[in-house]
Amino acid sequence: MLFFENDYSEGAHEAILEALVRTNMTHLPGYGLDPICTAAKEKIKAACGGNPDVFLLSGGTQTNAIVIGAMLKSYEGVIAAETGHIAVHEAGAVESGGHKVLTLPQHEGKLRATEIEAFIDAFYTDETCEHMVFPGMVYISHPTEYGTLYTKNELEAISAVCSKYKIPLYLDGARLGYGLMSDGADIGLPDLARLCDAFYIGGTKVGALCGEAVVFKGNKTPKHFFTTIKQNGALLAKGRLLGVQFDALFTDDLYFEISRHAIDMAMLLKKGLLERGVRLFINSATNQQFVVLSNTAISSLRENVRFSFWEKLDAENSVIRLATSWATTRDDIENLLDLF
Amino acid sequence: MLFFENDYSEGAHEAILEALVRTNMTHLPGYGLDPICTAAKEKIKAACGGNPDVFLLSGGTQTNAIVIGAMLKSYEGVIAAETGHIAVHEAGAVESGGHKVLTLPQHEGKLRATEIEAFIDAFYTDETCEHMVFPGMVYISHPTEYGTLYTKNELEAISAVCSKYKIPLYLDGARLGYGLMSDGADIGLPDLARLCDAFYIGGTKVGALCGEAVVFKGNKTPKHFFTTIKQNGALLAKGRLLGVQFDALFTDDLYFEISRHAIDMAMLLKKGLLERGVRLFINSATNQQFVVLSNTAISSLRENVRFSFWEKLDAENSVIRLATSWATTRDDIENLLDLF
Amino acid sequence: MLFFENDYSEGAHEAILEALVRTNMTHLPGYGLDPICTAAKEKIKAACGGNPDVFLLSGGTQTNAIVIGAMLKSYEGVIAAETGHIAVHEAGAVESGGHKVLTLPQHEGKLRATEIEAFIDAFYTDETCEHMVFPGMVYISHPTEYGTLYTKNELEAISAVCSKYKIPLYLDGARLGYGLMSDGADIGLPDLARLCDAFYIGGTKVGALCGEAVVFKGNKTPKHFFTTIKQNGALLAKGRLLGVQFDALFTDDLYFEISRHAIDMAMLLKKGLLERGVRLFINSATNQQFVVLSNTAISSLRENVRFSFWEKLDAENSVIRLATSWATTRDDIENLLDLF
Amino acid sequence: MLFFENDYSEGAHEAILEALVRTNMTHLPGYGLDPICTAAKEKIKAACGGNPDVFLLSGGTQTNAIVIGAMLKSYEGVIAAETGHIAVHEAGAVESGGHKVLTLPQHEGKLRATEIEAFIDAFYTDETCEHMVFPGMVYISHPTEYGTLYTKNELEAISAVCSKYKIPLYLDGARLGYGLMSDGADIGLPDLARLCDAFYIGGTKVGALCGEAVVFKGNKTPKHFFTTIKQNGALLAKGRLLGVQFDALFTDDLYFEISRHAIDMAMLLKKGLLERGVRLFINSATNQQFVVLSNTAISSLRENVRFSFWEKLDAENSVIRLATSWATTRDDIENLLDLF
């Protein structure tokens, strides 16, 4: 069986496991106040440039709900694409914290600065706006749920709209490594640290057992965010579990290398599929490839490959997702292509 | 330096690390739907007897907030000792979920069945009770924050009060192993499964990197609890991280063995302290020993030992906590006793 | 100046004021436990048929948030039209209570049973549904925000979908009187009591100073709903304020008579506008009439009439809303028509 | 039957009813944006001195929950006496909004500045304070639940503690009129406006049908508080209902006169009781008098008088509450005294 279902079906990259084993018996303070966590954060800061604040959390939904909840006022909501992860696949975590997700149309998973601006502008010129949820933040994901990427121009335009209306821009980087290292990517960590008020660097889907690193522009860190993490049940007693992993990921560019490997494998797959005349649903530059197949072909493929069913296209064809990861091998790709 | 600060200052027991390494490259479904999680849950069920439902979560505050929130109706609160962890040290997580913690006096950290009953009875006979928070659950911890234990009789009495008023009994077992394996303990997992509507078996403080196993009496599992976990940001994409650890802990009685080891070390310490004429604040049968020392002695001890300051006793004396764990060695104890 | 801005710009119908004055010095128990509240509820029950439970609250947003919050489980959301009042104009009250509003397309303000069914069906057949917000209720308004009405057939079809999926149907009747008494209306209170699990009879917009009467199908009343009302800050110490008003409204069919009067005035207006060649945006049978005018005409009208600006239609034309009420006179209508 | 059960068992003072009747057919904008609401607020501002912000809400629990929720950050709780209304009799409204009530001992219903300071100081010197709920506000009531009053010195001391720790002081004035007009009262509205960050002037229990006027120190008004009111379901479409009542109450000192009348009646009662050798539970200077009677005497009194049972004192005696109001007459008092 070949595994292309997602980018989290193995454990951790071996360098992470080794670090966990190596540091295991070191006595450390709890709750992330240990020197390994500090070292990990310093490495992340260095990679981002400037002097942001870094916090380590366990998972993506947790991170989104806590960051969004901490940055919004109670009467505010968060703007997101109608396909945004927080709008669809987080079981209402943002609403559970009391905030509305204000959805806008998506364009291959992305928001457009002009549409965000038009929405906020219409809000403030509506004479009943005080009866409505204030747009208090913009949420985007990079890569998006469709594996697509914002260009630096697009991100700057969205950031400018947020600045204009004085609301934070928050970027969900669950798969950030794959975005940073894709062919032609023109956005790096320092750009994110400059253009976003907050973003997170995904670990779970990029080689860690768990863990996401939240980066706040220094003066945008919510007050007493440590207590907010605790209150939300997200403070690990053994904070080292997150520190050791991120320390390993940001040592010797491991995070970037394994991300690049996944991109290499995805591009090999993409090229192979196109050569074989397979239709791609979206032109994705990242580790998620969306493939249009007949329902018959899908059934047949299922015998040898694990993948994600994405959506029906028409009566006879559907879209599936094939994801590579740091763990995908060249052999995996070749064996997969042999099935087409 | 000797480390007696808490029971979570090392990583994981080596058998757990080995299991993580061994299973690392196995392709597994996400979100805890993999066969290792299933095996871990089956082993826990077998240890509990009967047919309870088991869920794996990451940490204690998270577990308390989610279980309590899922079992209470919106107009209900949870009864706890005034020193209960949820009442003091969880940053208001229960209130953040909308519920009041209704505190009762503690007796060496424990609630008394008679006082619980008197409180509930007074509530229902108060003609303004419909203007007040309904007592909707009883929360106890075992061992308590003071390292003390309920006897089976005490637990049965509390359980009977809960049954009488048809409210669930929930037991916080952050350090459950140390309670189950203490000298003279007369409560086992099957007792808990019979007497509690829900409880959790603490992993983080008993040898795991993270993880708590929630056990619900079969028909008491909240509907769609999986989604509730997701909504609260507590669903790990790599659920295997929890499954592998609990599978290791419940293979060949590892959980019980390492808990017993910590008790052995604590009893060695307790005996040595008493022999040296040191005063104990509470007669604790578990891995937490509370010691009364002069402030001068405390300052001096601090040069060689990490411990927790507990509370001031009078102008000249204070209470400190010394905790053993699965990782404490006989040498550690002897070296510590040499300082008294 | 002529007043057609809304149906709540005067105080109360004189019969209500008289009742307030008449009962003013009667000593009554607080919190709605007085005999006048009881009488009001009995009259409402009689008008609905069967044996529903009735509660009196102050306003529409309050009622929606409390009823929806009390009937949903924490992992559930409420289906509503994208133009539904709870989706747009209640400042995120439903989300503030922790629940997502799941929006579907509107058709002149209405939901379609077939689209509701398709949505719920797609939800349950989505393999990731446990990661999403469960559709736990259907919310409709009658009349809708566009003044349109469900037919009995349409309501029965929606009710049947709710029954099929075992979720409650809740109807927002902020302007219910105007719906019940419109020309050709085929839905009466007993139909609502039979087809809805909960609905409310709007008082604020139908002649009362404040007040909405919530009707629950007997076995659907949330447990301890009185306490839920108190917890949400909606329990008036002088509950008589609501009881006296609803008692007056449901004595001698006052509620229906004054609603019918508003409809008569609206139909007079509608007929007059059509005779004058004015274009209606929607064919509304109720007290809200939506009129298409050139922006120039709108500016000119504003000199003599208060109305609500609804939305831009194209570069040169917009939609305005003209609302009649129990307080609108035949003279008001004639004077308004003279301006066209 | 004589009525001393509470101060809200009649409707409204006749001047308020007259104002409602007189303004009834005036066309006014909704949501409190009308000139009568504005006039009422201006009169309240004038009575307070300075330039505070005033908002009109419907009831006490609603006001407390909204003001406290709007002024606290999510990780903060509110300090209150263990007998404080928000701690006991508001059905957990504050916790429902996500905040813990941090209770301190009461002294005849009052908090002590020294104890507040000691509590906050202990919090900030506790090394685990980041795991606990931050004390973010002080809540007091004046008069208290026991009818007692803070002296100006006491209030200044509490205000100074709040200033020292930069947290707001909020005063619940459900029965404020009775406090302001009691014999020897040395606190006036300008004092409250100077010493509190927020307080409310109770209307419901002082002659209105409903309504409480919240006063914020100008720069302490929460941003977009109008929307917060709406989101909490507390914005009346016919805001005039509140405006007309407060306009009447603050015209020609009506609020103060009727409060003084209730105090006169209470003092007549108190004097009469003392003359008859009846024991008072507390020395109350306000409209609530707490009387110790044998259980036999209580049963007997119940045949002719409505009162509130307060609490058991010992096996044979209990405490009852007798409340006067703006509606109590001299005859009522004499008839009541005749029963002793």
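Order of writing sets the chain letters: A, B, C and D. Residues in each chain are counted from 1.
Everything that follows uses one rule, which is that a residue touches a chain if its C-beta (ideal position, glycine included) is under 8 Å from a C-beta of that chain, and two chains touch if they have at least 3 such contacts.
If you're wondering where the values come from, they're calculated on a predicted model, not measured in any experiment.
The greater number of contacting C-beta pairs, out of the two interfaces A-D and A-B, is seen for A-B. Compared with chain B, the chain whose C-alpha mean position is the greatest distance off is C. Per-chain CA centroids place chain A at a distance of 50 Å from chain D.
Chain A and chain B have Cα centroids separated by 34 Å. Chain C has residues 74-75, 90-92, 96, 98, 130-132, 227-228, 230-231 in contact with two or more other chains. On the side of chain C, the complex with chain B involves touching residues 69-70, 73-75, 98, 130-132, 134, 223-224, 226-228, 230-231. Within the complex formed with chain A, the residues of chain B that make contact are 1, 3, 5-6, 8-12, 14, 17, 20-21, 23-30, 58-66, 90-93, 96, 204-205, 209-210, 227-228, 230-238, 240-241, 306, 327. Those residues of chain D whose C-beta lies close enough to touch chain B in the complex are 74-75, 77, 88-92, 95-101, 127-128, 130-133, 309.
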